[in-house]
Every structure is written in C-alpha cells, then in structure tokens.
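You will see two complexes here that share chain A, one where it goes with chain B and one where it goes with chain C.
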Partner chain A sequence: MSKRKLARLLQTPAVLLLLVWMLVPLSMTLYFSFIRYVLNNLRRPEWTTPALSNWRGFGNYEFVLDAKDFWFAVQNSLFIVGSILFLTVTLGVLIAILINRAFPGRGIVRVLLISPFFVMPAVNAVLWINMILDPVLGLQGIAIGGINDLITLLKDAPLVGWFFSLWPTLEPISFRATQTSAYAVIIMVTWQWTPFAVLIFMTSLQSEDQQQKEAAVLDGAGAWSQFRFLTLPHLGRPIAIVVMIQAIFHLSLYAEIEIVSRGNGNKNLPYLIGEFANNNIGAASATGIFAVILANIVAIFLLRMIGKTLMD
Partner chain B sequence: MAIVAETNRFSKTSRTVLAWLVGLLFFFPIFWMILTSFKTDAVAVKPEFLFSFTPTLDNYINMTENYDYWRFAANSVITSVFATIFTLVVGIPSAYAMAFNPSRRTKDVLMWMLSTKMLPAAAVLYPMTFLTKNFLGIFDTHFLLILVLSLINLPIVVWMLFTYFKEIPREIIEAGKMDGVSTWGEVREILIPLAWGGIASTALLCFIFCWNEAYWTVRLTTTEAATLSKLIEGNRAPEGLFFGRLSAVSAAAVGPIIVLGWFCQKQLVQGLTFGAVK
Partner chain C sequence: MGRIVLENVTKKFGDLEVIPPLNLTIEDGEFVVFVGPSGCGKSTLLRLIAGLEEVTSGRILIDGEDVTNIPPSKRGLAMVFQTYALYPHMSVRKNIAFPLRMAGMNEAEQNTRIEAAATALNLTDYLDRKPGQLSGGQRQRVAIGRAIVRDPTAFLFDEPLSNLDAALRVGMRLEISEMHKKLKTTMIYVTHDQVEAMTMADKIVVLQSGRVEQVGSPLDLYREPRNAFVAGFIGSPKMNFIDGEKAGTLGAHTIGVRPEHVQICPKGEGDVWQGKVGVAEHLGSDTFIHVHGIDGCDPMTVRAGGEVKINHGDTVYLSAQMDQIHKFDSEGHRVS
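== the complex of A and B ==
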C-alpha cells in the first residue's frame, strides 16, 4: 500500500464520523425547516408528523424573521459573545503581565487563578446567580445590606453624620431581569474564561525578547510605550487564538442562559431555538439554519484570520 | 540609585499583594461554594453566619442518600472515560497521517473539522432526539452519550494531536525508515514515546470537556445514563433557599475535575494553544 493511500485510510474514520455527525442532523433540520411540523395541534393533526405534503416553502423562515424575538436574539448573541471576548482579553493581558515576573507564591496564585476554568458550566451558573448575585440572599444582597446598615449607623455619628445623611440608600441589582441577566451571563462566563486567557498570554510572555526590552529601556522607552510597541504586538497571535477558541465555545452558549434567565426574555439564538422547539419544530429548524449561517459568517471570518498563522 | 532600589522594592511588594488579591478573587466563588456546602440550608442564608458557623456534613450525607450522587458520578466517569478513549482511537491515526503525510487538502480538512464545532447544537437537537428515540432506540444510553461526546470533542482532539505530532522532527521518523522500521513499528517505537506527553494532555482535556458538557448530556438522557450535569440541572432550586444542599452537590461535581486540572495545567495550556504559543 502506498504511503498516500495509507494516510488517507487513517484519516477516513475521523472524517467519516464528523461528516455523518454534521450532515445527518443538518439535512433533517433543513428538511423540517421547509415543512409545517408542530408537536401539538388539535385542529391540524396532520402537521404533527413530518411529511412532504406539509410543504411550507420559506414560510417558516418568514415566520421567524417576523418574530419579534429573532433580531433581539441575534443582537443579544453577538452582544454577549463580544462582551465576553473584550473582557477576557483585556483582563487576561493585564493579569498575565501582573503575574509574569516571579513573586513569592506565584505557583499557588497560578493554581488559584486557573481553577474557575475547570468548573462545569451548569455549576458556574447555579453558583453565581444564586449564591453570589442574588439581590437578597446572595453575597451581593448581604454586602449591600451591610453597607446600608453602616451608613444608617454613621448618620447619627457626631461630626461626620451630616456627610453620611446625604448618601442615598443603596439598592441591590436584580440579575433576573431581561437586560441584567445578560450581564450576569457575561460576568460568570468572563470569570470562567479569563483564567484561560491569562495562562495562554503568560506562556507567550515567557518567550518575549528580553534583550529587545532592555534596549528599549536604554533608549528611554517608558513602561507604556514598551507595552504598546513590544508586548502588545508580541501577544497578537495568542490573542487571536483566545478569540477563536472562545468564539467557538460561546456562540453555542446555552446552559448559563437557561439557568440564569429561564423565561425572563433574555435569550441568544440557541436559546430561541430551544423555545421554538417546545412545539414548533418547523420554526425551530428555520432558526437553526439562521444560527448555522451566523456561525459560518463568524467562522469564516475567524478561521481566515487565524488559520494562516496556525499552519506555518 | 538608592531611590530606584527603593521604588523597585515597593513596586515588587505591591505587585505581589495585587497578584495575590487577583488570585484569591478568582478563587473566591469556589471557596465560597465549598464553605457553604458545610452549612445547613437555614444557616447558609444568614449574614451573621458568613464565616462563623458549626460545620456539618449533613448536605453531603443527604446528597448521597437522597440524590443518588454515586450513580450520576459513575455515569459521568463511564461516559467521559470511554468517550476519551474512543476519541483518541479515532483521532490519533488521523492526526498522525495529517502531520506526517500532509496533502494539499490537509489544511482544509483541519479547518472543516474545527468548523463543525461551530454548528449550534440547538439547531440539530430535535433531529437528534427524533432519530435516537424513534429510529435507533439508543436514547438515554451510555452508548449514545459516549458517541456524541466523542464527536463533539474529536475536532479539538485532532487539532491538538496534529500540533504535537508536527513538533516531532521528521528526521527521526526518516531515520527509523532507513533502519527498515514498519509503519506500525514507527508508530509504536518512535511516535508514541515521543508524543506521549501530548497525547496525555490531549486525553486529559478531552476528559474535562466530556465531564463538563451540559447540553447533550442533559437533553439526550433521562435516568439511565444521566450524568452529574443532569444532577445539577435538576437541583438548581430557583429561589435558592437550599444553598447548602446546592453547594454540596456542586462541589462534589466539580471537585474531582478541579484537582485533576491543577496537576496538569501546564500541559493543558500548551495543548490548547494548538502549538501557536510557545
């Protein structure tokens, strides 16, 4: 057997499996998206079984585009992914620079920092929304209650009392409303993925050219211009990787959205599909096709940008 | 010069303090979860018992007695282990062929594999449920979960292995060929020993992703094959009156993985960057 043939043979199982995994559900989704298919309909029972005779053409697509939630879900998906990317990269760079140089206990700090990355998404969401962000029982509520009590106490104090009597009573934020629960999702995912960014940036910083840096110092370069003209360009490639991997994971964010915002209106595209799928499989499938298109736009954009540098 | 040294010492101290603060801040939610797991549900929501309370193991006992924790944990272990093995069995030959016998299309194949990860799972959930329930009859089985977990992790695994294999100098392989080593011998005698670290960290990451997966594991199971993700989903008491219980279940679900992650964080980072960061 020639080398080439053997190589192809060795790749076949992986390629074939992924092809089936991609094509079978996708073609079924495509098919369902063009027919009327609902799980429950007493007046039109024929719609509850998938059949070509229920052909609807682009009807499901029109229905989805007209649904008021659709554009909101698209926007919200992009908003959530964009915010997480921005926050994790910014925080990641800052923290990586902070812990790049040796200090007492660096190994322990590293271990503490990486831990959130291993927490399963369901636990992450349950932990944050209940025990930390809850406006009454969570740490947020407890902290704000404590501050308010302190201010009330200080209002009666001599000398400084007038100052504190100007302060308003603080209100805890509820993270269960439509907009705020999107923030809650951003906070918890940022907490989970910043460590990942930090570790990758740190690995990259270790290989930064120190001689170049010393030369820059001798030339009178300040800390800012060192960062701007040496460190940041050096981090270009790792930033690209962090963005790509996170985009892959966060475009299909689901568990966090579901746990944080069940039914309060905060949704991304995958969640909207889930909602439709409770009854209207046709609409859910059409939304699925839109989600595939959106993912492809992002994928083409990212993979083009990053693919080249990865293969060299 | 003395002034410089002085400011340096100051900045070093403040940097150390700041770095520790950041580390503790990031770890705090996990610490909080573990701490709360030793409180009773009633004590857990009282501000006056934030740090001073009588620790109790009730939540953990309750968890194993009433929630059947060990069954869920066993399912998590079984599906994650076998999915990891299966992914490696399929992924290693493929990555090997791509790294040592690349063709013009290798790059496209790799990119295509990665792009399958971008398909929104929700888009194909219904067809998957339909197929596995009505046609194949494998809904809520270990087999299905192992298969699905393998498939969603296969692209990442092939990529990671590919980058590890590419690092191996081709001269070594060539030299082996000169000595008349067969292809299988090449794999067993040269490749596996050299790529062992890479394979191990790939396996580990795959295992972690399988363990943490929360979309398919929740939706393709009911009772038989339900994993820890499903247990958490079932326990997310909406109005959080059961913080103690919730924390115990959560801590028991993520504990093993966090500890595992600590031991191999360095290899993980290397693997996850697809070799692009050294």
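== the complex of A and C ==
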C-alpha cells in the first residue's frame, strides 16, 4: 500500500464522523420538512409519527411562506444581525485602537473589557432588561427620573429657570414594548460581543508593522489617512472573521428574544422555529431550511462586501 | 537644495545616551554614508534627521532652517527602510502614488511622475502587482520609487540593501550610485558594510557608540585613519595590528599594516616576519593568506596574487611597505 493510500485510509474515520455529524441532522431536517409531522393531533393520529406515507411535498414550505410572521421574522433577523455587526465592529475597532497604546492600568482595563463575554446570554438578557433598561426600576428609569427631578428643581431657579421651563418632561422608553424590543436585544448583544471584536482587533493591531506607519508619516499621511489606508486594510481579515462568526451566532439568537418580549414585535427565524415546534415539526423544519439558506446568503454577501471595501 | 547641519545633537532613550553631543555638516548634493558596527546609533541618527525621533537637545537645520521641532512630513525628506515598509494592501502604483496623493497632487501630474519613476526603476511591468508578489530587489525598487516621486530635498536610506542577496546588492549599489549622479540630490545612506560605504560615498562618517570617529572621503579614511577603530573598520580584509616589540622599535604602541601592503618574500631579502600558513583563501584574482605564529599579531592576513602557490603549513617570510605602516599610541590615536 502506498504511503498516500495509507494516509487516506487513516483519515477516513475522521472524515466519515464529520460527514455523519453534519449530514444526519441536516438530512433529518430536510426529511421532516417534506412530511406532515405534528406532535399532537386528535383527528389525524397518524401524523404524529414521522413516516413517508405522510408526504406533503412543498406543502410545509408554502405554509411557512404564508404564515403571517415569516417575512417579518426574516426581515427582523437581518435587522438585528446587521445592527449588531455594525455596532460591534465599529465599537470594536475604536476601543481596540484606544487601548492599543500603553497607559497605566492597561492590563486591568483589558480584563474588564473582556469580561462581558463570560456572561451567559440568558443572564445577560435578564440583567439588561430588568436592571438597566427597565423604565421604572432599571438604571434607565432611575436616570431619567433623576434628570426630570433635576429639571423640575431648576425650573424654579432664578435667572436660568425660564430656560429649563421650556424643557419637556422626559419619558423613559419601555424596551419590552412591541416597537422597541428589537433595540433592547441589539443593545444587550452588542454589549456582550463587542469584547470579542476588541480582543481580535487588538491582537491584529499588535502585529501591525510600525515601519509602514513611519513611512506613511514621512509620506505626509495624518492620523486619519494612516487609519484609513493602513490600519483599516490591515484589519480587513480580522473584521471578516468577526463578522462571519457573529453573523452565524446572531442569526440564531433565542434567549434574549424570549426573555425581553417573548417574541412580541421581535421575532427571528429561530424564534419562529421554536413557535412552530410547539406542535408542527414539519413547518419548523421547513423554517429551519429557510434559515440555512438565509445564513448562506448572508455569509456570501458579507464576505464579498468586506473583501471589496477593505482589501483593495 | 539639501544642506543638513546637526548642531550639538544628543539623543537619550531613558537614561541611555545613544548619541552624545554630535556636530556634522552634510553639503548639498553630497552622498554621505554613516557607517559603523551594529548598535552604534546609525539608525537613530538617521531617524533624528527624519524627525521620527525627537532630539534630546541640539538643533537640526535643513537649508539653514531650524527643523528641530518641525514634524517629519514637513521636512521634505524621503526615507527608504531596510524592510522596505511598502503598504501591503496597495498595488505598486498606489504605493508610489501614496505620497503624491497625501500631498493632494492632481491625477495627471501623479501619473506622469509615477510613469517616470517606474521607467527609471524598471518597474513598468509590475505597476499593478501587490508588494507580496515581488522579489526583494523589486520591492526595494518600489520603496525607492516612492521616495523619488516626491522630489525630496534629501534621501535617507537605512541599510536598504541588507535584506538582499549578495549579487543583487552589488547591482542595487550601482543603481543607487547612478541615481545620485543623475539626481544630484543629497543622500544620507546608513550601512554597517564598509564595502558599500567605500564604493558609494562622497563622504563617509564613521560612528562608534554614537560618536563620530572620523569624517572624510573614502580614500582619506583609507590612507589616513585617525585612530585604530577607523583603521580596522575601513578596508577589507581588515588591517593587521601588531603590538609589542616590533611596534616599539617604530615608536608606537601599536602599528597597523593592511594585508595589501604585506608581501611574501624570499628568506633574507628584507623579511620582517616569519610564520606558518593557516588558511589560504583563493579568490581567483587574489589570495588571502592567514599566517600564524607572528609575535603580536595572530593571524596576520596577507593579500597576494591570484596565482600564488601556497599551502597549509608552509613557512613564509613576510615584508611590509614601510611607508604604508600606520602608527597608533596606547589609546589608539594615530601618531605621525
């Protein structure tokens, strides 16, 4: 047996395991998406066991496409992921550049910055929605209450009172409401994932060639030009990595959405799958396949965009 | 124009004084080489002139104007780095265009200059490539191109050829020299290689621990080194230093004689030294013979003709051209 064949043979178990690992769940999802399969149906008990005889063709897909929340969930998935990506990358780059310089206490600042990443998503959501964003008891409520009290007080002050009496009373935002629950999710996930971006960008910044910077200084490049023409392209690859990894993670957000508003006004595809899966496994599977397609489109689109804008 | 004057310039990194007070004048259009062993402060000095490091004290003048507190980009100098420092994400064209773009030059003028530089440096076929797709020599050309297009008052080179292989180095050396003849712009060139210094310079500045040991034309330094350090540093192979009795008879602590001024002679015909051949390096044009067993100098290097027949272990008798002997006192200063 040639060396090459032996190597192939020895690789086989690993390759097979990986194939099974990935293909089995995907095939089962595909299979379920083409049959009628529900957990509970008194009139048609045969639908409660998966079988080829319950074949439904594209019926589940049609059902999902017609479901009232589907397109909203797709749109909302993209909105949430897009916003989080934009915010984490922007904040990540800015913070990474800020703490890349030497300053006293840098070690501690770095550890503190990374710490949100170690909080569990559900805990993160509970913390934010109850302790920070809550319009009455959270920091937001307290802060806005405080500002309102201060303005009321200043309205009676001599000289400047007339100015403050023009101010309205501020209303705290209720982040559990239909219109705002998506923003709450975006805020909390951004808070949690910015450290990840910072960490990756910081590592990359440290490998930036200092002589290139000096050459640019001599070439007359100011701070902005150095950032735009050297640092940003240098960060192109790490940004692509951060965007890809986060896109995959955030397309499947669930805990935050559940905890903030139980999906009121704020559903994404995974949440929709969860709702269908209460009974209709067939529809849930079809939605799952849509989610896979969406994830691929997003991935290809993002990679192209990053490659175009940063790498040239 | 490009007359650069350093007045009592010093540089400290923390408590470490890298450049003690230093005075130096570089005339307009001169090709000046800073040469010295690694870590002697050549790069630091160049970076001080460029403005990439701030002087601890002293003044730097360019064409009579005090630039000590002027930022690097306003000094009108262009620098070529040892590691090329090309912008990896930009094509060769964009790399060369970068300083022009930063200066806000219009597109048409930019293109004329880029074309001219590319033609002069044989880069026309590579303008659309990225630096990563070029060889070391081509990268260094791009770096030089980026410097030329700016039409600077002076060029600063920091060991630009150190990362190239020997053959390429010789070629690039010539190209840079020719470029200087053509442009007649002041050039300051840093190297640790005395051959580069000797072949390229109008004026060599020999540095040791940040001190200027001697300034002069290559032949001045070769003929009349001011001290033993310069004598040993300039010239290849290195000068032979002989101390002890022989030096004493000539009224010096140490005497120095270059390998090319020592000859092999028959016994009894004016021979001064006798020794055994260790290694003979045959270069074809020359033979460098390392002779052992000579009092006060071991081994002594002798430069002989290419065809000389000599083997390991042979006993040889050596004489020296007495008018080519350099005498140094116990501190290494030249005595004449």
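Convention: the second predicted complex is superposed on the first by the 275 of 312 C-alpha atoms of A that agree within 3 Å, B and C clash if a C-alpha of one lies under 4 Å from a C-alpha of the other, contacts with A are read in each partner's own complex, and residues count from 1 in each chain.
In the analysis below, a contact is a pair of C-beta atoms (placed from the backbone, for glycine too) under 8 Å apart; a residue touches a chain by one contact, two chains touch by 3 or more.
The structure presented is a predicted model; accordingly, all values stated were derived computationally and were not measured.
Because the two structures share chain A, they can be overlaid on it, and in that overlay chain B and chain C fit beside each other without clashing.
In the superposition on chain A, A:Trp128 makes contact with chain B only, not with chain C.
In the overlay built on the shared chain, the residue A:Thr194 is in contact with chain B alone; chain C does not reach it.
By the touch criterion defined above, A:Leu78 lies against neither chain B nor chain C after alignment on the C-alpha atoms of chain A.
In the superposition on chain A, A:Ile151 contacts neither chain B nor chain C.
Once the two complexes are overlaid on the shared chain, A:Leu18 sits against chain B while remaining clear of chain C. Set against each other, chain B and chain C differ in how many residues of chain A they touch, and the higher count belongs to B. Once both structures are overlaid on their shared chain A, chain B and chain C have a minimum Cα-Cα separation of 5 Å. Note: residues 311 of chain A belong to the chain B contact set and to the chain C contact set alike, using the contact criterion stated above. Across the complex, chain B is touched by residues 3-4, 6-8, 10-11, 13-15, 17-18, 21-22, 24-26, 28-29, 32, 95, 98-99, 101, 103-106, 108-123, 125-128, 130-132, 134, 137-139, 142, 145-146, 191, 194-196, 199-200, 203-204, 207, 237-238, 241, 245, 247-248, 251-252, 254-255, 259, 262, 269-271, 273-274, 277, 281, 284-285, 287-289, 291-292, 295-296, 298-299, 303, 307, 309-311 of chain A.
Those residues of chain B that touch chain A in the shared complex are 12, 15-16, 18-20, 22-24, 26-27, 29-30, 32-33, 36, 45, 47, 50, 90-91, 93-94, 96-98, 100-101, 103, 107, 109, 111, 113-128, 130-131, 150-151, 154-155, 158, 183, 208, 211-212, 214-215, 218, 228-229, 232-233, 235-238, 240-241, 243, 246-247, 250, 253-254, 257-258, 260-262, 265, 268-270, 272-274, 276-278.
Those residues of chain A that touch chain C in the shared complex are 209, 211-212, 214-221, 225, 229-230, 233-234, 236, 311-312.
Taken together, the chain C residues at the contact with chain A in this complex read 50, 52, 71-73, 77-79, 81, 83, 85-90, 98-99, 102-103, 146, 150.
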